[in-house]
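Labels A, B and C are assigned to the chains in the order they are written; within every chain, residues are numbered from 1.
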Amino acid sequence: MSLWEYANPVKFMRLSGAVLPWLSAAAAVALVAGLGWGFATPPDYRQGATVKIMFVHVPAAMMAINAWMMMLVASLIWIVRRHHVSALAARAAAPVGAVMTVIALVTGAIWGQPMWGSWWEWDPRLTSFLVLFLFYVGYIALWSAVEDPDSAADLTSVLCLVGSVFALLSRYAALFWNQGLHQGASLSVRAGERMAPVYKQPLYLCMLAFFLLFLALVLARTRTEIRRRRTAALIAREARP
Amino acid sequence: MAPLLTVTMLAVARGGRRAVEGVSFQLDPGAALILRGPNGIGKTTLLRTVAGLQDPVEGRIDLVPDSVAYAGHADGLKGALTVAENLAFWAQLFGAGRAQVDAALRALDLGDLADRPAAMLSAGQRRRLGLARLLVTGRPLWVLDEPTVSLDAASVLLFASAVRAHLACGGAALIATHVDLGLPEAAVLDLTPYRADPARPAGRAPASFDEAFG
Amino acid sequence: MKAVFLRDLRLAFRAGGGVGLGLAFFLIVCTLVPFGVGAGGDILSRIAPGIMWVGALLACLLSLDRIFALDGEDGSLDLLATAPLPLEGVVLAKAAAHWVTTGLPLVVAAPLFGLLLHLPTPALPWLLTSLALGTPALSMLGAFGAALTVGVRRGGLLLSALVLPLYIPTLIFGAETVRLGAAGQDPATPLALLAGITLAVVAAIPFAAAAALRVNLR
């Protein structure tokens, strides 16, 4: 049996239904443990207690990008192999990714305020996350605007492909545009090798927790989407003469 | 003589659901086929599929590439351009010359209106201009969707003679209509028996999201 | 392709085509900004490159829905899709016509608006060059957005939300070129990147836009 068998909605529902409770439980445990461990770490000698916001900020930022990657892969699978579950998974991941982006932006602002003395700086890193959020908004808006679900899946996939290229392009353009102004303001903490192990270990756990959380959310949302499509199909069949 | 169009066990979908399925027919040069059937059975969808605007769900459509001239419900006219300019644009796009434009204008009795902006035409005149476009495409297979809507009796005759002239030159026509076109020689295919069965037998390719999840 | 291009041009210049609208909008933006930020010559000349580029972006956005929406409504798009010209060619021709009716007038009128905003004289040639090189990308990306939303009723706002993020790299490099030029530095790098983006967009986006059109025609 090939992996593609799970793209069949019925099989997907059966498998995901079995996996989801365990996945959710694992995500909850990892989240509580990771964040608890993170908050128990000693304050940084330079940044004080504000450094602890890192345990939310960094995993959220990571998942904001990974969610878009996942959407890109799912869109490609839909375009190439026409697996309906794949298109719905991409749709399900978008709001989760958008929320992760918002979390990363908000926690970044809260973290940056005492560090840089302002809530928002047009740092390339911050700017590219704002741009990423705009791409999420456009993608979600297109999904909800197109009435025919097949057309919506096709159009959003094309948008996701083109958007990926331009999101990346914007990232480097932003780097070019505001190079050096705020460079390094937070990099020393983010770069793993220069971080004390006392922070690194809980951070890894938090990253795992956010990853599991993302998986659980996307799986649950995909199941909702499938149920919604099934309802629509049943209603359409009833309405038939 | 090779047929211009061969349709084999064709199934088409509209709005994500199969409309008709199992349709087969063949169109030889010089032949016309009229599609009939109640509203909503999928005549327009079938024609759009044959014209290549959408993909069939199942089955085969065999035709020579770039042989279809399609005319749908809308005529694709620009109100700001004159009758002659509208026609000249399509002629240029399909590689036809000035002579064909004039001939098409004459054939559908639009000669007197040539310099009038298309926005000032009546519904029937617009329709005639839309049909004149078929003549300048130079394509052998006409795929027409309700071509005589808003035409008066005299114009229907003009249309019928234009179709006959096209058939006489080795062309073919596939026409969906409810009304009498004045083409008694055309074969008629009623689509009612081909209405798709909503209960999807296992193993068929899903036409869309709805079928995949139904 | 020439036929489609000429037809779109002719339609734009006929009554109701709105060819001067983008230019008028650009003028209004350049008039309003000094009211908003104050007419002190120093502020204006510093932000002039950015205003010119943002203004060009918005002026371009205004007429995007004309590229495919009208043809979609009156059935022309169906007929164009069955014509011998591939849809990619249709997209290219229509984007080119859009550029000639909105981008090109902006490039030509830019020195005048630069004067209004006290743009430093050394920046002027760079403004012209960057607009000339950048605005084709704006039209092409706009055509992609218009192709995505051609089936959506009242899709104007959605179109803006989809297209504007795609404009960011062009805007950054375009405005950067003018800014460096105004500061007397060498703007060759952003200009080269700007030209690169435009070339890549013109080469690749017609395929994406044509794919979106085909989906919307179904």
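Here is the rule we use: contacts are C-beta pairs under 8 Å (C-beta built on N, C-alpha and C of every residue); 3 or more make two chains touch, one makes a residue touch a chain.
This one's a predicted model, so the numbers in the text were calculated from it and none came from an experiment.
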With chains as vertices joined when they touch, what's the shape: line, ring, star, complete or other?
complete
Weigh A-B against B-C on C-beta contact pairs and write down the one with more.
B-C
Which one chain sits nearest the middle, judging by mean Cα positions?
C
Distance from the mean Cα position of subunit C to that of subunit A, given in whole angstrom:
32
Find the geometric centre of each of subunit A and subunit B from their Cα atoms only, then give the gap between the two centres in Å, rounded to an integer.
48
Mean-CA-position distance for subunit C and subunit B (Å):
37
Multi-partner residues in subunit A (2 or more other chains touched) are 148, 150
The positions of subunit C in contact with two or more other chains are 218
In the complex, subunit A residues that touch subunit C
131, 134-135, 137-138, 141-142, 145-146, 148, 150-151, 154-155, 158-159, 161-163, 166-167, 169-170, 173-174, 176-177
Interface with subunit C, subunit B side, in the complex: residues 48, 51-55, 66, 68-78, 80-81, 85, 89-90, 92-95, 133
List of subunit C residues in touch with subunit A within their complex
144, 148-149, 151-152, 155, 158, 161-162, 164-166, 168-169, 172-173, 176, 190, 193, 197, 205, 208, 211-212, 215-216, 218
Report the residues of subunit B in contact with subunit A in the complex, numbered from low to high.
15-17, 198, 206, 208-214
Which residues, counting only subunit A, touch subunit B once they are in their complex?
9, 84, 87, 148-150, 153, 226, 229-230, 232-234, 236-237, 240
